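Presented sequentially are two complexes of chain A, the first with chain B as partner and the second with chain C.
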Partner chain A sequence: MATYNLPPKPVKSVWKKLKAGLIILAVIALYVWTFRGIEIDWGRAMERVIRNFGIVIPKLFSPDWSAVGEVSMKILETIFIAFAGSFMAAILAIPLGFLAAQNMSGNRFIAGIGKWILSGVRAFPDLILAILFVVAVGPNAFAGVLAIAIGSTGMLGKLYSEVIESIDMNVIEAMEASGANKIQILFYGYMPQIIPEFLSYAIYRFEIDIRASSILGIVGAGGIGTMIIFAANNRNWNEMGLILLAIIIVVTVIDFLSARIRRKIV
Partner chain B sequence: MIEFKNVGLVYPNGTEGLKNVNVTIKDGEFVVIVGLSGAGKSTFIRSINRLVTPTSGELLVDNEDILTYRGANLRKLRTKIGMIFQNYNLVKRSNVLKNVLAGRLGHTGTLRSIFSMYKKEDVALAYESLQRVNIAEKIHNRADELSGGQQQRVSIARVLTQKPSYILADEPVASLDPPTSHQVMTYLKKINKEDNITTIVNLHFIDMAMEYADRIIGMRAGEVVFDGPASEVTEKTFEEIYGRTIREDDLRGGADES
Partner chain C sequence: MTTNSNAGKHAQTPAIYPAKTKAQITIIFFAVIGFYLYSMIRTQAEMVGGFGNALSDMWRVMEKFFPPNFQVVGAIWPAMATTIQMAIIATTVAAILTVPLALLSAQNVTTFKPLYYVTRTFLNILRTIPDLVLAVIFVGLFGIGVFPGILALIIFSLGILAKLISETIEAVDMNPLEAMRASGANTLQMIFYGLVPQVLPQFTSFVLYVFEINIRASVVLGLVGAGGIGLVLDQQLGFYNYPNAMTIIIVIFVVVIAIEYVSNKIREALI
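Now for the complex of A and B:
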């Protein structure tokens, strides 16, 4: 076997080693100081945790089957909210995606504005958006749809713009060279390259939206979340068990389907 | 007819792409432009369909100065000039027929093309073009299922469907192996002779240039340093064009295999 002489590793200076050590020490000191500041009776806390676990966990695993009807209606509503929201976002994100793509707007400044709008939209967490829309349109599923739509538009717009920026511009050049006009190039050069990726991202976002919309009900924006908050407040752990079971099943099934569809598309 | 009159091109970064180029290309000629990479071959070819715009001089295509063209005029010019690229530039996810029909876009109304309502003659023309380059059986395959040589033949079919008066080919064989390169050049030559389409090809392989060209134009550093019939060209000429001795990798070889 041949032996290779690798070039020697650059030697770290003593000062660098010392600096790393000092930083580690400082971080440890910070933690110790913080935990000493917490006034808590660790013994009692642990005891309560263990006792509550004993009560709650077994109940979660014996779901209250009498609530199946109500839970399935609400979970259906959750799916609808997610679907309507992602569908709206998938369409709203298209113009924004084009605006934010540098190779489309052909202008750093305009693309910058597009990117800035999209970051601005993305900065709002779904729950905050839901609260805003509950205030605006009342505590119903429509508020949830709007919250999901706006929240997803931010992410989809960003992903769309990246798809557009990554397409093969040589194809576009070839079409320009054959005398096609801008609209024809859009349909023959851009669309075949971007539509499959757009769809794939929209479906992926729908997957995320299912999870997001299942908690929106906590602030009154419709869906299964309303039942979660009631069950938790009433300590109705058997019903909570059923709700969680329903969410797990729906999320798993949709993840599975979405993965399969997306594999087919691209 | 294409006439370069004192054409110069300076890129925004200050590079001189073309320097005082004076060339006349008559209808039906098969011209090969040779030169090292960076010599201005691409700039020369791309000036003709205005993918780049020269900054000085006059460039006449069919006796009209095309340097002032914009918008509709420019698209009209481009519909009569077909172009073939080194990387084929097909839409990989679309099928062969759709790619070939794209050559017809310049002749088709916007609405018609959006709804893919091509005229019967256009579809027939697309099919006939594919037959001419011997790839008609792949008509319903997706472009990314084809090999490099097959993709280049599809791109030739696309150009044929455009029914151009001029064909520009920018390094059409640089990504292909020797036998396929000869096949592609043979098709280009055949089309040039049969349809009397003026063809201008960029190549950097000197053996291929000598084999296929009627006329060879040599470029170095943006200037035309040689212009003459292929029969007058020897290795010595190429050494002058390249400014160095000829090496193994300046030759494509494999002429006998195709």
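Now for the complex of A and C:
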């Protein structure tokens, strides 16, 4: 009778084993550092939650309908902030995207600088930018617009540059060979290839910006966030419930619309 | 025939796009521009002096932030460490909790349709709530401290992570699993040798990605009292101590860039 053997197990080299061991050790060290460093006052947190749970949660689910007018005005302002910000970013990101695209700037060094600028901008959380702009232009919605515009430029510029890098250059060459001038190449060679993707990314970023701009008010940069922080400070959880509902509805609707538009474009 | 008729007139390049599409695009274009202008007017309504005035003021005000006071780096480092630790704990807990949720919201695993739709809708709603709003509510529930911050990060990242991973699970190649079943593997063996190797690299990559998001989110959680470096930043801004605030911002910037760099390298190596 034939014996059936299992296939031999792959042999791991010493180097691989060592590497795996080092990684495991590093992860363990990270967790030890984390759990030794963090201090949670469980007693106080539990005591607070037992006291507050019955007060906060039921109120959150019974929104204060009398504030509908004010909340919808602020939600509209949030949408304005997000739209103006994304629009500015969609335009600002175009030159930066071209700068950071290697096939356009033609020079690895320049493209590298462009990429560094963009990732530098991306590293700032939106709210930190908002703090800077609130100090610069005062606590109003326009500070929020600027924060969203700069924050989105980083991401859009990177996505744009990737789109530009993936352009099919054969089309451009064919146009050049058949005698098209620069303007014609721009309009009929480059634009049809990049415009749909650019638009799609800009709309996608608008989705993100709606979420981002809804919290900008926490640092005074306008929008619904202003009401969030007031409601929290006054412990007005009924109003918070309504605000939460408004955010959920607006974000869901805009996500849905944006997904449909993007599917149509690309 | 067409060439003949064209030869008579002057050769005219035909338009690529039909006239109707052009009209539509023009209308959409002007609608978008109009809405943008209206948004700009509305958002600048409360501003004294308007756009021009603010911009000329901006550089004067920005000067207050410079030079940053680097002597406080030592003093703010513990708060920064807390911020990173919050993100690590939140990501770990979310990564564990996401496994059942992702399985429940993957169409090829959860064949019971109502359950699938319920988890999907739940996750969709969860994702619409901004992290800071969650933090505000949890601070109201648990009081000021790191715990509400960690909880907010867990809930927030759970929404993203479960969606990404359920999509990965849905994209799994079921053929190896069927082959294993045909050759007599039990369910556990199928999961460990068929499913896990297909999902694990993506899973790790997504967890790292969510960790990056959590780091960014946790630096600002303190602004609403949920612990970490944001709390210190808020205090310094409250005292109008702009050089110190700038140092904190620079520290945040450096830490975020460093962590994203490392995480990106690991993710590139994984996939």
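Keep this in mind: the second predicted complex is superposed on the first by the 219 of 266 C-alpha atoms of A that agree within 3 Å, B and C clash if a C-alpha of one lies under 4 Å from a C-alpha of the other, contacts with A are read in each partner's own complex, and residues count from 1 in each chain.
The criterion applied here is as follows: contacts are C-beta pairs under 8 Å (C-beta built on N, C-alpha and C of every residue); 3 or more make two chains touch, one makes a residue touch a chain.
Everything quoted here is computed from the prediction, not taken from an experiment.
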Inset, instruction - Count the residues of chain A touched by chain B and by chain C, then name the partner with the higher count. - result: C
Inset, instruction - Please work out whether A:Asn170 is in contact with chain B alone, chain C alone, both, or neither, and reply first, second, both or neither. - result: first
Inset, instruction - May I ask you to decide whether A:Ala136 touches chain B, chain C, both, or neither, giving the answer as first, second, both or neither? - result: second
Inset, instruction - Go through the superposed model and pick first if A:Glu197 touches only chain B, second if only chain C, both, or neither. - result: neither
Inset, instruction - Check the residue A:Gly189 against both partner chains and state whether it touches chain B (first), chain C (second), both, or neither. - result: first
Inset, instruction - State whether A:Asn181 touches chain B only (first), chain C only (second), both chains, or neither. - result: first
Inset, instruction - Return the residues of chain A at which the contacts from chain B and from chain C coincide. - result: 188
Legend entry - chain B-touching residues of chain A, taken from the complex the two chains share: 168, 170-171, 173-181, 183-184, 187-189, 192-193, 196
Legend entry - Residue ranges of chain A touching chain C (in the complex, touch as defined): 30-31, 33-35, 37-42, 44-45, 48-49, 52-53, 56-57, 60, 77, 79-81, 83-84, 87, 119-120, 123-125, 127-128, 131-132, 135-138, 140-142, 144-145, 188, 211-212, 214-215, 218-219, 222, 225, 228-229, 232, 235, 237, 240, 243-244, 247-248, 251-252, 255
Legend entry - Parts of chain C lying in touch with chain A, wherever the complex brings them together: 16, 32, 35-36, 38-40, 42-48, 51, 54-55, 57-58, 61-62, 64-65, 81-82, 84-86, 88-89, 92, 124-125, 128-133, 136-137, 139-143, 145-148, 150, 216-217, 219-220, 223-224, 233, 237, 242, 245, 249, 252-253, 256-257, 260
Inset, instruction - Would you pull the chain B residues touching chain A in the complex into a rising list? - result: 49, 51, 75-83, 85, 87, 89-94, 98, 102-103, 105-106, 108, 110, 113-114, 155, 158-159, 162
